[in-house]
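In order of appearance the chains are A, B, C, D and E, and numbering begins at 1 in each one.
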Amino acid sequence: MTATIAAVTPAATPTPAKRRRLRFVANPKAATGLVVLAFFCLIAIIGKWIAPYDPSARSSDLIQAPSAKHWFGTTHLGQDIFSQVLVGTRGVMYVGLLAGLVATALSILIGVSAGFLGGAADDSLSALSNVFLVIPALPLIIIVASTIPSAGDLMVALVIGFTSWAWGARVLRAQTLSLRRRDYVEAARATGESTWRIITFEIMPNLTAIIASGFVGTVIFAVMSEITLAFIGISTISEWNWGTILFWAQSQQALAQGAWWWFVPAGLAIAILGTALSLINFGIDEFVSPRLRSSGHTRVKTNDGHSVRMRVGFTPVLSSKQAPATPVVRRKENAA
Amino acid sequence: MKFLFQRIAFYIFTAWAALTINFFIPRLIPGDPVTSLMAKYQGQMSTEAIQSLYVLFGLDKHQSVWSQYVAYWGQIFHGDLGLSFTFFPTPVSEVLKQSLPWTIALVGITTFASFMIGTSLGVIAGWRRGSIMDGLLPVTTFLSSIPYFWLGLLAITLLAGPGSFFPSSGGYEPGLVPSWTGSFIGSAIQHSLLPALTILISSVSGWILTMRNMMVTVASEDYITVAHAKGLSERRVMVSYAARNALLPNVSGFALSLGFIVGGTLLVEIVFSYPGIGYNLFQAVGAKDYPLMQGVFLVITLSVLLANLLADVAYLLLDPRTRKEG
Amino acid sequence: MTRPVLEIKNFHVDYGLGDESVQAVRDVTLTLHRGEVLGLAGESGSGKSTLAYGVTRLLPPPGVISGGSVIYHPPNGDPYDVMALTDSELREFRWAETSIVFQGAMNSLNPVHKVSTQMVDAIKAHEPQLSPQARIARAQEILKLVGISADRMDAYPHQLSGGMRQRVMIGMALVLEPQVVIMDEPTTALDVVMQRQILAELVELRERLGFSVLFITHDLSLLVEFSDRIAIMYGGRIVEEARSADLYRDSLHPYSEGLLKSFPALRGPRRELAGIPGSPPDLRGMPSGCAFHPRCPQAFDRCSDEIPVLGIPSARNDPDRSVACWLPGRVPVS
Amino acid sequence: ACSNGDGTKTNSGSSTGATVLNIGMPNGPQTENHNPFLGSSAGASLGYRWMIFEPLVMINGIKPTEPGKPWLATEWKWDANYTKLSFTIRDGVKWSDGQPMTAEDVAYSFQLRKDHDGLNQDAIPYGSITATGNKVDLTFPRSQFVNQNKILTVFVVPKHQWSTLKDPTQDPLKSPIGTGPYTVKSFTPQTTTLTLRDSYWQDLPKVKELRYTSYNDNNAQTTALANGSSEWSFVFVPNVKAVYQDKDPKNHKLWFPANLGIHGLWINTTKKPFDNPALRRAMNMVVNRDDIFQQGEAGYFYPKIESVTGIPTPAGESFIAPEYKDKNHSVDLDGAKKELSDAGFKLEGDVLKDPTGKPVTITLTDPAGWSDYQTDLEIIKDNLSTIGIKATIDKANQDAWFKNIDTGNFDAAMHWTNGGATPFDIYQNIMDGKILKPVGKAGVSGNYGRFNSPEATKALDQYANAADDATRTAALNTLQKIMVEQMPVIPTSASNVGGLYSTKNWVGWPDEQNQYGPAQPTQQNALQIILNLKPAGSQ
Amino acid sequence: MTVTETEVVLEAEGLTKHFPVRRGVRDLLSREHKVVHAVDDIKLTLRRGRVTALVGESGSGKSTVARLMAQLYGRTAGEIRLHGESITVRGGRKFRAYARRVQMIFQDPFASLNPTHTVRYHLTRALKIHGRAGDLEQNLRNLLDQVQLTPPERYLDKFPHELSGGQRQRVSIARALGADPEALLADEPVSMLDVSIRLGVLNLLRDLKERLNLAILYITHDIASARYFADETLVMYAGRLVEGGDSETVTQNPAHPYTQLLIDSAPDPDRLGELSRPEDQAGGEPPSLIAPPTGCRFHPRCVHAMPKCSTDLPPRFELPVQGHWAACWLYEEGAAK
């Protein structure tokens, strides 16, 4: 989430167009992130079918370390942890994406209207989002979720979505505010476009990068929150997800029993998913503001044979032999 | 100063909103604390004992929401947060008084340290593009994607096994009496190292990254080139020109993300059974202890607000543009 | 003509390395003489700023200097190549010998430090032996020269108007009394009245302090009025160089000619304005031969095949002029 | 919680005989509250209230039928079919502030409970309370046979302190005054230290100092037990053998005797086809209690129910009717199938069809976080599938679950029963028709399965109000018969009153051979145990 | 040369715009409403087939005038007449009808085209909104032809970032023409363009004026280009018009001291080597528009200022050349020249 701060400013660079959109995928970070994300999405869809066991089914292998039979070992009931991780992916992705969608929709609604309408509407809407921003989200989510009778996946997703739109709204508002003053918005108005058309066709397309990055950020947050809720036993754990696995590991004191395999795979999966999403966000950030790209070749061979890093303030001087000498006819230097 | 006035007005408004949310949340809860206590004593509490608890907790009275709301504000202004159910009849304020210092010490110091360390590393990473620091970014990203609590679990397994220097839970040695003695403080520090490390590792990379990006953005500003052109030393340009300006957005970012960070760090307390507010929240949620839940939420929110205010003041001191007269 | 202070020889600048690189400045050779104002004109993207930054090695990454030398002649002492200086030598060289004024003064001043701090910073870096009071006094003195009263010393940049900021920048550039001041479009952000005021002051100061100026702008009419000599850049190369009056009255390169014909004049008879057809070249895909040939009304076969060399045109045997064009009479005397 | 230094530091000089006993509970930071009436107080949650406040009569929690041991009362006598009780109060007992304890104090202790519903946890209907000389006489509006132990074990508080309290139900009682052998020395949220008094009406115990430490969670408590820094505790330790016992096989001991309360699968007896007792019996026959004990309860925590009557043994041994004396639960698949086919159920493939031809399915529900119950349900689900019943497990939200149980809106759930001095509490909780409410109506305090048996209600009534033991025995036998034949609840485990302890420094703990009291540190009998402990070297 | 021959398309009288200054918490306590006097009492006439230039330094209110005329801002006072008919529109269908006849071109061709849309989209919208989508493809080509972006196919499906600055500005102009307007308000249409390209765009505008008989308001800070391109020139200072008349007259014989300053300050290659500031020239900076100077707004900087200048607002004084006027007390009947 924090990475978006930098993304707000560089709106000045001409924003994406069709062909350049594809270039986003060419960003190695984004590409890696997308591949991993696609992998998790795939697991979320087919996990149920490829799981070797029913994740809830008991067997006689109690608390077994990973083996060929049980890749990630088993629980105290002899359940196969590998299957639990596979099947649990769906819940994680579902909640993450749904919460991300809800929050993004809200942030667009609130952020864009605050930015576009201005005046009192802006004041009250941005006060609202600032309040939500300052109030610690996770404790609020924990408390709200703990008060809901049956906090299933849908409910958890909604709660997370409804409490975590504020950051996106803030960023979008700032951006809309700057877009609203752009000449092309004024020009569209002068052409006679209606307000809603200006918002949806002139402003929104220019917000896509920010919306996408906000969406990804919220998904990260939602996944973390969801897993946290499951881990501390607040949301329903009837459906498997990674948090549920961790919940059981914790309540059965997997640590004390030395059953590291019980909580390592799920946690690792979270971390990898989180990293993938962060990478996508980097990709978006770098796409919006190419300066942030970590430059490829930064080492240069200089005049005196040293190799130096390119840096601000001290331009490297390449060995002169590289310079293609164009024949130049010069007059003689005048004597002083 | 106008800026500060506006901020303070905003904080008052936010505090009001948070307190009102706080008021309504438990009142929308269908369950009640007695059943939760029942759950806690699974089978060891008789049906009769349950009835006596309803009487004890005063849950058999009924009042209109509005008069409750008024009474609630009355209580808040007297610093009265009600009596905790789990620690009945200890006042919530006392429970919190006991745990707050731990949280402030752990979460406060580590969050601040993480901000400082992350920012400093970010300055270097952003300044020396393409150096090793830049290469470390993917690693730190990975670290920051790990949920706090899981990293804590991992830290306990790997580092806090029996016989290790690191204790796996608690705020200090069980036998000790909290006091300002060397052995107690030593023990408290020993117990806080692992949770602190967990928070630090998970949160520091966020700061590194934002600061790095900010530095990269700032580094291409004209005034940096001018500073170089003036022949200032590298250090001076980096610190006084680049970092100083790059810090500004980060300070307000710091303020705004405090809410997120504090939320995450509370989980560390749960995993390490650290006797702070986060652990209180965990207990309160488990036991439907609304007064305690409300108290915790209130204290967290107000602390975040306060920290925000401090960050605002820092921003004010750092950025002359906001000091504009009028 | 006086001694040179800065000789730029066969200067090349690339952005990026290898195949992807953009060759922003090609083989530029230019001499700045003591006490003169050398104007550099050309349209946007022709490499003016790149050249200016390159000379002081201030190009932002991925800019690299891929060839050439910049010989600096100190008032007393032996000339040396700026490109061969080490980092610390370069630091010493900067500002004390050559200072720069950029286009946007708002962006050139650090928004979080007072004007005085930024002035003193420069003095401190180069004359550490000076006492703090003396530094302040020096800063005050130079600000007075550029018309800013001492009580604005403690102002922050945002508290000053655009014109004042630009004066502060000029003052800062002169505070160490350098030999060379490079000015990259120092007045384009200001309106004409302010522009004239500042330039007038600059002329006075130059008479007093005797520094040389490399003045960059795309406003040719301003240059003609303000500078002693003018060099015209096109597509990363110098295409013509001459005394201002000569260039104005009798430009030799078709591009310079086109530029001059694009300016409506405020006084005098209404001239016919022709302009230049087409659009500036893309540095990534430079036309072969003379970069200007696709837009040149007089281009012929040779123009698209061979890069013209810069030299004294055969038709005007004037050692103070040079042009890079294949048109008859403009080909260099060999 | 524990680092290397712990054991040696707190038990310095264990070679020369220990003086300190470290007791632990996994209950999180405490607040300073020594009020013995409040279950939320540190005194109650750690159990040290019993070291300060003593009962009139000490009754062995695992042998509730044995006569109690005179404690602050030297004699007691029930009259008029348990509606009258008179105590003779012990002389020479002094409060820890030096004042003598009198019958006045005892009467006041009863009066407090009578006056404050919040303190009267057992909802005993007190009548008159009178103190004369060293005698205290109580009357009750109805027979207190079933409550007799609850009344006898009431603890006594000093009138001269309690009468000054503004609100006894909300006072944290910062400096408790009691008759017990220990007084509070210091309190911190983590550790409460109790120190031995100079004098006590019995022989002073050998333990000079008690340290009650509240660990933040089960993990921490387990670790502390494993490394010896905690010597006595009550906590669920999964895989207890590896995690705890093997760490010091010689000294690390545990004993988890059952008391008279049970856990079982409650079945909604109004739902078809579960209103058919034959189906319930068949279900009972396939439940694998060994798996539940071994996997759900880590092989020790809640002891498994052996007797078909659901009465936990050995605590309830003496109550079991002759006809069921040696009848124990065992998995009997064939018997179950026979039972079913006799009742008109059909097992087609692996789907059981009820007499109307509908497949039998059931939803088993318990709150998500209750890991042991959830484990039990998983096992039961598996077991039921052997007779073709398709079970699904609903991990409900705790509040919703309580509400659904209360209103009878469930198929089946793991739940506990009340416990008491006789199996009456168990059966009353399961079968009492007097507390029966129709499905959908809340506010029941038992009989969640809506079990409607006038016969059972009558037998319960008889038992509670009987004038002689024979009637009672007959009534209880009837109840057992109903339980076995109708099976409204499928009992799985007994409640426990156990503990884990270390014999490294102290010996004399209760165990299988020496069952003088339950081994749980938070039970009243803990005082008895402390009094019984001797330094390990001294034997 | 006179300027009153052709039909009046759009005229403004007494046009005034005050922007409220955003009030802070402290201002809530005070009664007074602070405003920016961006535009005060402007009288302006656009005629068919004529270019009227509006020159003035940055911040003098030129863009505000253009936006007021385009009815993008609501005005504080004054009247805008289209063919003599006073019109006030605020959005909706009426605004479209107005926009159909009065179109605006923005200063920055890099910012006035939405980077996410193609040239086709921009032009199609303009045509559709104004009901000219009839033979869409043909109309599109016509538009591009009109702005000399030929062949049209090459440009239709390009994104703005694929075009050069001059080409973009042509697209903006084409979009404005899409409405088939009678009046074109060009707000510094070339100031962001390179010198060699500027002329092309200006020539295009002049060509359009002649071919389509448009009335054009040409806003610029470059008074030299006004001389070349506009028939009539108005000079604006701090929100007020200070001088107006035939372009050649205004630039060659400036009457108002401000216009004189402006013209003297403009770079002039023919004035070689006399760069120093004439002693009698005014200096200083433009005034604050929140509290503009009383009387003539130029008086604090004016070398000819008289006591009257700081108190009384000068009206328009007609000057000898027909149509030339200046708002300066120097030209009051009988004032000492």
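What we mean here is this: contacts are C-beta pairs under 8 Å (C-beta built on N, C-alpha and C of every residue); 3 or more make two chains touch, one makes a residue touch a chain.
This one's a predicted model, so the numbers in the text were calculated from it and none came from an experiment.
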item	value
For subunit C, the least number of touch steps when starting out from subunit B	1
Selected interface, C-E versus A-E, where C-beta contact pairs are more numerous	C-E
Chain centre separation (subunit A, subunit C; CA means) in Å	45
Whole-Å gap separating subunit A and subunit B, where each centre is the average of the chain's CA atoms	22
Chain centre separation in whole Å, for subunit D relative to subunit B (CA means)	40
Distance from subunit D to subunit A - Cα centre to Cα centre, in angstrom	51
Shared interface positions of subunit C, touching two or more other chains	53, 58, 60-61, 87, 90
Multi-chain contact residues (two or more partners), subunit A	149, 233, 255, 295, 298, 310-314
Touching residues (chain side subunit E, partner subunit A) in the complex	67, 70, 72, 91, 95-96, 99-100, 103-104, 106-108, 110-117, 125-126, 129-130, 159-161, 172, 175-176, 178-179
Contacting residues of subunit A [partner subunit B, same complex]	1-3, 5-6, 9-10, 127, 130-131, 133-144, 146-147, 149, 167, 170, 220-221, 224, 227-228, 231-234, 246, 250, 255, 260, 263-264, 266-267, 270-275, 277-279, 282, 285, 289, 291-292, 294-295, 298-299, 309-314
Touch list for subunit B against partner subunit C, complex	129, 219-223, 225-234, 236, 240-241, 244-245, 248, 318-321, 324
In the complex with subunit D, residue positions of subunit B that touch it	29-32, 35-39, 41-53, 55-56, 83-90, 94-95, 98-99, 162-165, 167-178, 190, 273-275, 279, 283, 286, 288
Sites on subunit A touched by subunit C in the complex	295, 297-298, 300, 303-304, 310-318, 320, 322-334, 336
